[in-house]
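In the two complexes below, chain A is the common chain; its partner is chain B in one and chain C in the other.
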Partner chain A sequence: MTEAVFRADPPDARRCVVLADGVTVVYHRPSGLTHILAPPAPEVLAAMSEGDADTGTLIARLERDHDLSGTDDLRGTLTARLVELETAGLVWRP
Partner chain B sequence: MKHEFRVTVGPVGFRIGSDWKQPLDRMRRLYQGYPVPDIPDFTVRLFAQRPWRKIIRPSVTIGGDYMLPDAQPMALAHGLLAAEMGMNLQMALGQRRYLVLHASAVERDGKALLMTGESGAGKSTLSALLGERGWRFMGDEFALVDLENGAIHAFPRMVSLKNEAVALFEAQPDRLGPIMHITPKGTIRHLRPPEDAIARMEESARPAMLLFPRFGFEPAVREMGEAEVFVRLTQASTNYVALGEAGYDALTTLVRSVPTRAIDYPDTERAVEAVERLWADLG
Partner chain C sequence: MTEESKNENGKDVKVPNRRQALMLGAAAASTVVTVRPALAQTAGSILTCEIPVPDPGNAGNYIAPDGTVVAPGTPGAVPPPGRNLAGEEVKQALRNGGSLPGYGYEQSQAYTNYIRRLQAGQSGFTCYASIQMPRG
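Moving on, here comes the complex of A and B:
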């Protein structure tokens, strides 16, 4: 079975402010909605901005930029975050 | 309309038209000395839905530039409250120049203390009390956040004293409006702000502390995470969504720059003590 491919807006489609407690407040320009994201959702969103990606491609991008050693069930975690971001309208399936 | 009254509150000009003279006479008395706008920002209309309702069991419907379609008419005896509600409604639905926070505000040394929370939390009473005790009263209902520089603009309309709070100011009858029983918010009496609050209402202030007071609980002070503060302020703002990115900028800047605490208090005296203590530590 092929993995679902997701797409996100380019980085200039949103504004991000990281608050002191570690969550990121995202203003999504195309929709005018504000989202509050906990890690690793902001990192996933940033990695998705490079272009369409399935979970495998996303893992490769994240491993390039972040130290993910010791993360349990990375694939499952990222798939769950992608589904949440899809529900929020920040990523979608092209 | 048959009767008209104009008033400027903070940076906002209002025109209030009415089918009846009485509510506007009461406003003229309480708002005496406030500036009069040439071109108002908002219009409020107090009108009878049917011609005979001007006279027979007169009932006041609130209208204006912005209206709530299902608003119930109010008794003429509550006409002053209807006018105030109409003004609030214009601000809540129509204001685009400032981020409107449902919060009270007082100022000292050019720095503003904001107090927000649910209805009945005591933010209005607390701001009125502080306004009598060395602080400049900036407003009991709305704090206006400047979208360019984050400053707080005053909106010192009449203070809406509710229920138990009415008794706190009975010694100053010249500043009080008529007592109104059985209104949608219980017993209400309007209080004219202190004279310095009116004279200095064009002065903005830098936000320096934000409190979420809660009346009727044992004294306690709790720190709040920025995410919780942000979410609660989006709920406390009447126009955050409408302002789009400008509102996002103003609110994230406010949340990241201002120390915030939740305070519980059993009575107003203890609340004033807690505010003074926190202000000395954080303000």
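Moving on, here comes the complex of A and C:
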């Protein structure tokens, strides 16, 4: 079974503002839509900026910069996060 | 303290000294909320948009009871309203079946039938489309 590959716009397509309470407001220039992201969505989106990735690749990128040991089902939860970003139009399957 | 590790390509990459804990969260939790300004704009534009009856290219022509544009003086047809109809008053008339403010029953029926026949590209169509759109 091949894993789904996701793609995101380059970082300059977004204007991100981190608010004091930990949420990130993202203005997505191509769509003109504004999104409010809670962790770990901004981190996942940032990791997607390095290029197309399936969940395995993305986990490797995230583990490089973050301690993911608190999550049991990494693939399952990361896929759920990616689907949320996909619904919002911030990532898609090329 | 510095650490080194191999990434998925076997290359050495620098690892931050203290990696911040990142919880990917429960599968059921939602972490993305999208603000949809397009809907807010639609709700606002209904109040201000206008529909010319008939369209400017047919100015002066009469409107038949079924909404078609006919020559001035055609029996059974009504003269044009003489002003653009506001989106909000058209919305009320379409929803309630009532008359447009300032116009009688026959005139209102002819004008609303004309509006119902509007198609993409005609003047007023975008306004008519926004009237029909449910407010989110």
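Basically, the second predicted complex is superposed on the first by the 94 of 94 C-alpha atoms of A that agree within 3 Å, B and C clash if a C-alpha of one lies under 4 Å from a C-alpha of the other, contacts with A are read in each partner's own complex, and residues count from 1 in each chain.
Going forward, a contact is a pair of C-beta atoms (placed from the backbone, for glycine too) under 8 Å apart; a residue touches a chain by one contact, two chains touch by 3 or more.
Note that the structure is predicted; figures quoted are calculated from it, not measured.
S.K.: Let me test your reading of the model: by the given contact rule, A:Leu82 touches which partner, first (chain B), second (chain C), both or neither?
M.R.: Touch status of A:Leu82: no partner.
S.K.: By the touch definition at the top of the document, which applies to A:Thr71: first (chain B), second (chain C), both, or neither?
M.R.: Second partner only.
S.K.: I'd like to know which partner A:Gly32 touches here: chain B for first, chain C for second, both or neither.
M.R.: Touch status of A:Gly32: both partners.
S.K.: Quick one: classify A:Leu19 as touching chain B (first), chain C (second), both or neither.
M.R.: first
S.K.: Spot which of chain B and chain C makes contact with more residues of chain A, would you?
M.R.: C
S.K.: Which partner does A:Ala47 reach: the first (chain B), the second (chain C), both, or neither?
M.R.: So A:Ala47 meets neither chain B nor chain C here.
S.K.: Using the superposition described at the top, list the residues of chain A that contact chain B and also contact chain C.
M.R.: 32, 34, 36.
S.K.: Going by the contact rule at the top, pick out the chain C residues touching chain A in the complex.
M.R.: Of all residues in chain C, those touching chain A are 5, 7-8, 13, 15-16, 19-28, 30-38.
S.K.: Help me check something: in the complex, which residues belonging to chain B touch chain A?
M.R.: Residue positions touching the partner: 225-227, 230-231, 234, 240-241, 244-245, 248-249, 252, 255-256.
S.K.: What part of chain A is in contact with chain B in the complex they form?
M.R.: The contact residues of chain A facing chain B are 15, 17, 19-21, 23, 25, 27, 29, 32, 34, 36.
S.K.: Looking at the complex, which residues from chain A come into contact with chain C?
M.R.: 32-41, 43, 57, 60, 62, 64-71, 73-74, 76-78, 80-81, 84-85, 87-90
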